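In the two assemblies presented below, chain A is common to both, partnered first by chain B and then by chain C.
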Partner chain A sequence: MEDKQKLLTGLEKAVREHNSEELNRCLGAAFETAIVEDELRLALFRGLERQRRRMMTDDVPVPHFLLSLDTVHEGFKRISLHLGREPGHGTPLVIGVVEGDPHDLGKNIIAKVYEASSYRVYDLGREVSVDAFIRNVQEKEAKVLALSAMMSTTMAMMPEIIRRVKEETPGTVIMVGGAPLDTALAKSFGADGYAESAVTLLEQTEAAIERVSAGEPW
Partner chain B sequence: MVIVEPVLNTDNLTKLRNNVLSKLGYDDNFAENSDVKCLVDKSIQTLTGDIEAKGVYRFVPAAGVKKNEIAFENGSINSHMFARLVDRCGGKKFIVFMIATAGEEWKKNLTPGDSIYLQMVFDTLGSELAEVVADMVEERWREEADQRGLMASWRFSPGYCDWDLKEQNVIFKMLDADKIGVKLSPHYVMTPSKSVSAIAVMADNVPVLAPCSFCAKDCIWRRLPQNQPTP
Partner chain C sequence: MIGGDVLLLGLDLTVEASDFGQATIYPENSTAHPDYSNPLIRDHTDYRKLKKIDIKNAPRMQRVIEMARRAIREKGLTAVFVPVVSSPLSVLGMMRSAEEVFKDCVLYPADVMAALETVTAVLIDYINALCDTGLIIIAPDMLFAAKSGIGKEIWEKIEGPFGREIADAIHRRKCLVAIHNCGDGPYFDSMMRFMKPEAISFARLPDDCKTRKELKKRYGDRVILIGNVETSILYRGTPHEVMEECKKVIDDLADGGGFILAPGCEYPPNANLLNAIIMVQAAQIYG
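So, the complex of A and B:
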């Protein structure tokens, strides 16, 4: 039987090298041992986090990070399947692209990063109406709402969505992102946080959750 | 109005490949990433027989230039920067309106369940294909400008610089985009999504090629060096 630490390091490396075969081999071996689920998830996330940090310093191009992201997903699915339950068990989060905007690649990447870091993601897709956002935040009891818009014309929908979500489901942490946005615009819209890209997403979301929980202004 | 159905040749496909790899972040420093290059090459090969590239363009005489507006027979363009560029031009002045589309075939091998990595590679391929097609449509109207003895500026698209995205309406009013299967949504989004709309100015003398000449901002869309002297 393989050494526990060796398996966890192997998982981390499989993510970094987006090696699906090695991922499945390590997970298969890990399921035969006493390694607990959280340790496996943590090893996968460590591999992704290293890639994310290398992307921050331009040591790896974005597609390499995405390959690692896909590998983490595959790993999470395999773990959930082994345990006989649905993937995703953390903080509930609703994400979607605002009405009128068909650009969803950025949102898809962000949703996967959230999922990979154990948020329970409810992806509403693209061209989502204000009512659909509010209904889903309420039904899923979402702690976080992540809004995406890739155009200046569709970005204009955000202040109204934010206003209504804050009115109808106070305490929801609202993150915004997308090409036409910046921190100043996000603040002026009344959002709780802004993430420029997948690189800063997790830190910015955690900071926004802390601010909202503490009742501190952004 | 002229309809163009450009056929991509080997040079265009090489340009497309290089642009896609560059946009994905693979320059010479990442030469070892043959898996990505293979995927891009394979995707381009499967595309070549089926690309539904189309474009349309039209020349319209410019009727007058004000501080923030260029007027023509059926409307006007509202951009201070582009008005400055047109104002610098000499002799007869025309605005060329153009729309080009890569169609939908570029994503025929992509399915909703595909990995994020594949989604990104294909999306980049679609975007760069639209730019290559737009370049080919631009080549056609430049040829026509040459024949008329006119010079032309670089192309300029709504949503960039100080030209509001809502002025997509102006371009769609001047061209029958239905003829090439392109539509504009109430939110000013084009369908197919990988489409390019633009204008340019043509005149006897065009001393400034892009509004960047008048601007000191170091934005990511900048096309001329910051220290370029303004004529």
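So, the complex of A and C:
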């Protein structure tokens, strides 16, 4: 039987090299040992996190990061199948692209990064209405709402969504992102945080959650 | 009413892909986009099935050509009207989804390149038809040649050679290449090496520059810089703030010439038009 540490390192490497065969081999071997679910997920996340950080220094281009994300996703699915239950027991988070906006490449990446870092992600897709955002935040008891817009015309809907979410589900942490946005705009819209890309996403989201919990202004 | 010297015009990102047969949705209050539930290229094996089309039977490209013809014939905008032509990889992105194309560039590069060859042949026909109208500048949109795109090494291997073919076709017609790239960290060095553009319209700093001044120093004597007033400032800024921002951009980039003040990407359709007039005034005052 393979050494536990070797298997966990193998999983990390499989994510970095987006090697599906190695992923499945390591997981298959891990299921026969006493390695617990959280350790497996953490190993997958560590592999992705290393890729994400290397994006900051340009060592990892976007296509390779996307493939690593797919590997993590596949790993999570396989673990869930093995255990016979749905993944995710972390912070519930609703994400979607605002109404009228069909661009979802950025949102898809962000949703997968959140998922890989143990948020329980409810991805509403693209062109999501204000009512659908509010309904889902309430139904899923989401702690975080992440809004994406890639056009200046659709970005203009964000203030209304934010106003209504804050009115109807106070305490929800609202993150925004997308090409036409910047920190100043995000603040002027009433959001709690802004992330330029997947590179800064997790840190910015954690900071926003802390600010909102402490009642501090952004 | 606004003034200005050059109009870079792109209708939307689906023009070329629609003519290849990609099902397209035209919402009343938003931009045209592919029918994502019905992509023309469903998996990597479909890349090689893509067939060259005759642009005479390409209604959306013909519409742009007709616009160019009228802009020149009726308004005399020969050096003013600059149509944006999608990059070959962007066209594939509309027929497959950008996310899948990105991954295919790593997993199935030969298949992607086979499709790029087909698309590029059509784009060159399109460019020639545009040049026939009397235009003298074409703007290839090379969005994926950026850090936010597919990575430098991959771009140089996969799309760079086709970018070169497109630029060569424009230059053969004695027209100018004004690349548009509003990606994050555009690869000025790669685009210049492959495409030898006369101008680059950009939103963000190149991957190898930390400041606008550094950009001017590194590239300003080799290519005309077009940009890069932030869309967000045009959208939210007061006329005073827009004037201040334009002044900063001019201070950084105009020294020695070879610079056109412009928005980094689109002029936001829902921004105050007064801010566009302010941009023109800023160019007149500080330029």
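Throughout what follows, the second predicted complex is superposed on the first by the 218 of 218 C-alpha atoms of A that agree within 3 Å, B and C clash if a C-alpha of one lies under 4 Å from a C-alpha of the other, contacts with A are read in each partner's own complex, and residues count from 1 in each chain.
One rule holds in what follows: contacts are C-beta pairs under 8 Å (C-beta built on N, C-alpha and C of every residue); 3 or more make two chains touch, one makes a residue touch a chain.
Quick caveat: nothing in here was measured; it's all calculated off a predicted structure.
Chain B and chain C, once both complexes are superposed via chain A, clash.
Once the two complexes are laid over each other on the shared chain, residue contacts for A:K112 go to chain B alone; chain C is not touched. Looking at the superposed arrangement, the partner reaching more residues of chain A, out of chain B and chain C, is C. By the touch criterion stated above, A:L181 is placed in contact with chain C alone, chain B being left untouched.
Once the two complexes are overlaid on the shared chain, A:P217 sits clear of chain B and of chain C alike. Within the superposed three-chain model, A:S197 lies in touch with chain C and out of touch with chain B [touch as defined at top].
When the two complexes are overlaid on their common chain A, residue A:D70 makes contact with chain B and with chain C alike. In the superposition on chain A, A:G84 contacts neither chain B nor chain C. When the two structures are aligned on the shared chain, A:P102 is found in touch with chain B and with chain C. Judged by the document's definition of touching, chain A residues 61-64, 66-67, 70, 100-103, 105, 108-109, 151-154 lie at the interface with chain B and also at the interface with chain C. Within the complex, the chain B residues that touch chain A are 24-26, 30, 33, 36, 115-117, 119-121, 123, 159, 164-166, 185-189, 191, 193. Looking at the complex, you find that chain C touches chain A at residues 25, 27, 29-31, 33, 36, 97-99, 102-103, 105-107, 147-154, 182, 184-185, 207, 230-232, 235-236, 265-266, 268-271. Chain contact summary for the complex, chain A toward chain B: residues 61-64, 66-67, 69-70, 99-103, 105, 108-109, 112, 151-154. Of all residues in chain A, only 58, 61-64, 66-67, 70, 100-103, 105, 108-109, 151-156, 179-182, 184-185, 188, 197 touch chain C in the complex they form.
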